[in-house]
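In the two complexes below, chain A is the common chain; its partner is chain B in one and chain C in the other.
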Partner chain A sequence: MANTETALKDAMTSIEGVIGVALVDYTSGMALGTLGGGKELDLNVAAAGNTDVVRAKVRTMELLGLKDEIEDILITLGTQYHLIRLLRGRGKNGLFLYLALDKSRANLAMARHQLRAIEADLEV
Partner chain B sequence: MTAQVPSMLVRLAERRATGALLRDTGVLYLADGAVVHAESPAAPGIDVLLTAGGRLRPELWREAVDEAGAACRIAGYLLDHRRMSGGELEIRHLSALYDAAYFALAPDGGPSRFRHGAVHWFGRVRPVGVADVVRETRRRRRYLDDLWPHSHLDAAPPVRVRAAPLPPVTRRQQDVLDLADGRRTPGQIATRLGRPAFHTLVDIRRLAAAGHLETGVRTSDRSTATAPGTRTATAASAGSGPAATTSATARTAPGASLAPVLPPDLTGGAPDVAVLLRVRDALEARL
Partner chain C sequence: MAHEAEVREVLARLRTRTADLTAAVAASVDGLVLAADPPVADAEGIAALTAAALGVGLRLADTTDRGAFRELLVHGENGYVATYAAGPACVLTVLAGPRVNVGRLHMEARRAGARVAELLDGEAVRLEDS
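Moving on to the complex of A and B:
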């Protein structure tokens, strides 16, 4: 029964190599909450920009006629991973968790697993 | 007055004021200088957003209002009685708060008054800083204008364009199109769908950019220009007599904010960067 702040704190502390995390509403592009990021990564800007990524993918799937749902999207940079996890379930439709990871310190499989657990924590 | 609203808010925040900032377009509730709630006649209320889609049964909502409304702690009641988790309540409440704040802080929202001591009946969930609300409201306004720069679409009842062929729409956009009967305002459509009004405005701007909804710019020949974006492109690139006529029509159309961007002299040599950017945006919106 975590509130959003606790869920973001969990992500920040439990996932190795996290640079920043945000909970984002992808229709409006608004970050409902952010943690970390700092000077190097403006999470509000990242939140708004990444809604276009999600939208483009959702749109492509509709055009392809794929009757499936996006679980997560991984973007690999030279030094960072950006992980977008779309949330499901009551009251969370249209939201995603956005996670920026330091590539040299992060364990991608672990991060995905923990992000799933944090999503479950946001559940009733 | 309009430019003073954010500075007035900042002063209230500095004084850690508690009360309600009242404007024609909505109300912002402050507690100890932070924003705790917002309401607007143009946006569905928290009751609509919470009961939308049967998430919270209307009778349970009424029970919470009856039991805790007078004490101004409905949010606390919903949590205490496990009607909703803390996370979900926060998300829905923040969504309602920012949604109404967008209208309450509108540049043309008229004069503001502050009623000291006023408290909202919903009760405190997660207060947000005045600076965050002002920044997000501005970002939303910019976001809509980037999609399709016609702000009169925020209030006017959307009108469908029934011309073929038009690009496919998403399910959520189809819901909006289905309710666009030329009478319902965007706020009424949002209430019917149980969605935040801003989300509906995003869909409306995208639909207008793609040619599914009228933008309010009259055209004599819809068969060659189904989308307003196409019209802009024609006017900018052709630079001939008929194109100039189109721009003149646009300028006289009520509420059309297209006019100032079109160069008065279309035969001029240098490309108008603003128009080119807009053409690009319109093309991208149609993707």
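Moving on to the complex of A and C:
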């Protein structure tokens, strides 16, 4: 099992083309941990903003009467992929992993696969 | 208070930009209301209590060597009340519901605090000029 810090480090080093990664509590919009990002991507701002994205989608599904769960959300920009993966399991509800990838260097299928593995190993 | 309308505009913008934010009050650090949005009935009470909490907060930050005051957050069962620094003489106190996006609240309120500080700073300079 990996703690938050290890999981973020794992995502940052093992996934190709990562710009930044964050573990976010979407009940409060605050990040439990962030790694990478730097000047061009403020991960605390991303955490707050993407909390609104997740909440909007949860609400939309309620309105549509969809009794289902969000596994992940992919946002494709001109030069980046943003991947949001909602966590499941004991002590992990209400959290999501946020991954920003450089589109030219990333392998999306591989990134999703690796993020799933990192989530399974993560203990908060 | 020549700038009251402008400060209230900053507060109104803060409120529209942050979902679940119910009220915002700009007050001086000694507990006087500068502006409130919406015009809440108890703005004076909120400003006075803010000044009291600020006194304790400042002393606590000072005693534990945490430096100058930035913000104060109280999380109750029915929501949040938070105070943000807006320059050396003024603070911003906001009331928010329990479901508020605290990350966004911090982001928007810090920005609004800086804007209010700018407005009041301009005022101080103008008073000295006259």
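Heads up, the rule we're going with is that the second predicted complex is superposed on the first by the 122 of 124 C-alpha atoms of A that agree within 3 Å, B and C clash if a C-alpha of one lies under 4 Å from a C-alpha of the other, contacts with A are read in each partner's own complex, and residues count from 1 in each chain.
Keep this in mind: contacts are C-beta pairs under 8 Å (C-beta built on N, C-alpha and C of every residue); 3 or more make two chains touch, one makes a residue touch a chain.
Note that the structure is a prediction, hence the values are computed from the model and not measured.
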**Asked** Clash or fit: what happens to chain B and chain C when chain A is overlaid?
**Response** clash
**Request:** Mind working out whether A:I73 is in touch with chain B, chain C, both or neither, as first, second, both or neither?
**Result:** neither
**Message:** Looking at A:G29, would you say it contacts chain B, chain C, both, or neither? Reply first, second, both or neither.
**Reply:** both
**Message:** Under the stated touch criterion, which partner chain does A:E62 make contact with: chain B (first), chain C (second), both, or neither?
**Reply:** first
**Request:** Look at A:G49 in the shared chain and tell me whether it touches chain B only, chain C only, both, or neither; answer first, second, both or neither.
**Result:** second
**Request:** Between chain B and chain C, pick out the one touching the greater number of residues of chain A.
**Result:** B
**Message:** Just checking: does A:T4 make contact with chain B only, chain C only, both, or neither of them? Give me first, second, both or neither.
**Reply:** first
**Message:** So in the superposed three-chain picture, is A:L95 touching just chain B, just chain C, both, or none of them (first/second/both/neither)?
**Reply:** first
**Request:** Report which listed segment of chain B has C-alpha atoms clashing with chain C; options: 92-100, 146-154 or 236-244.
**Result:** 146-154
**Common ground on chain A, meaning residues reached by chain C in one complex and by chain B in the other** = 28-30, 44, 48
**chain A-touching residues of chain B, taken from the complex the two chains share** = 55, 84-88, 90-92, 94-95, 98, 126, 135-136, 139-140, 143, 168, 170-172, 196, 198-199, 202, 287
**Complete:** In the complex, chain A touches chain B at residues 1-5, 7, 23, 25, 27-30, 32, 44, 48, 58-59, 62-63, 90-92, 94-95, 121-124
**Asked** Tell me, which parts of chain C touch chain A in their complex?
**Response** 19, 100-107
**Request:** Over in the complex, which chain A residues touch chain C? Could you list them?
**Result:** 24, 28-31, 44-45, 47-49, 51-52, 55
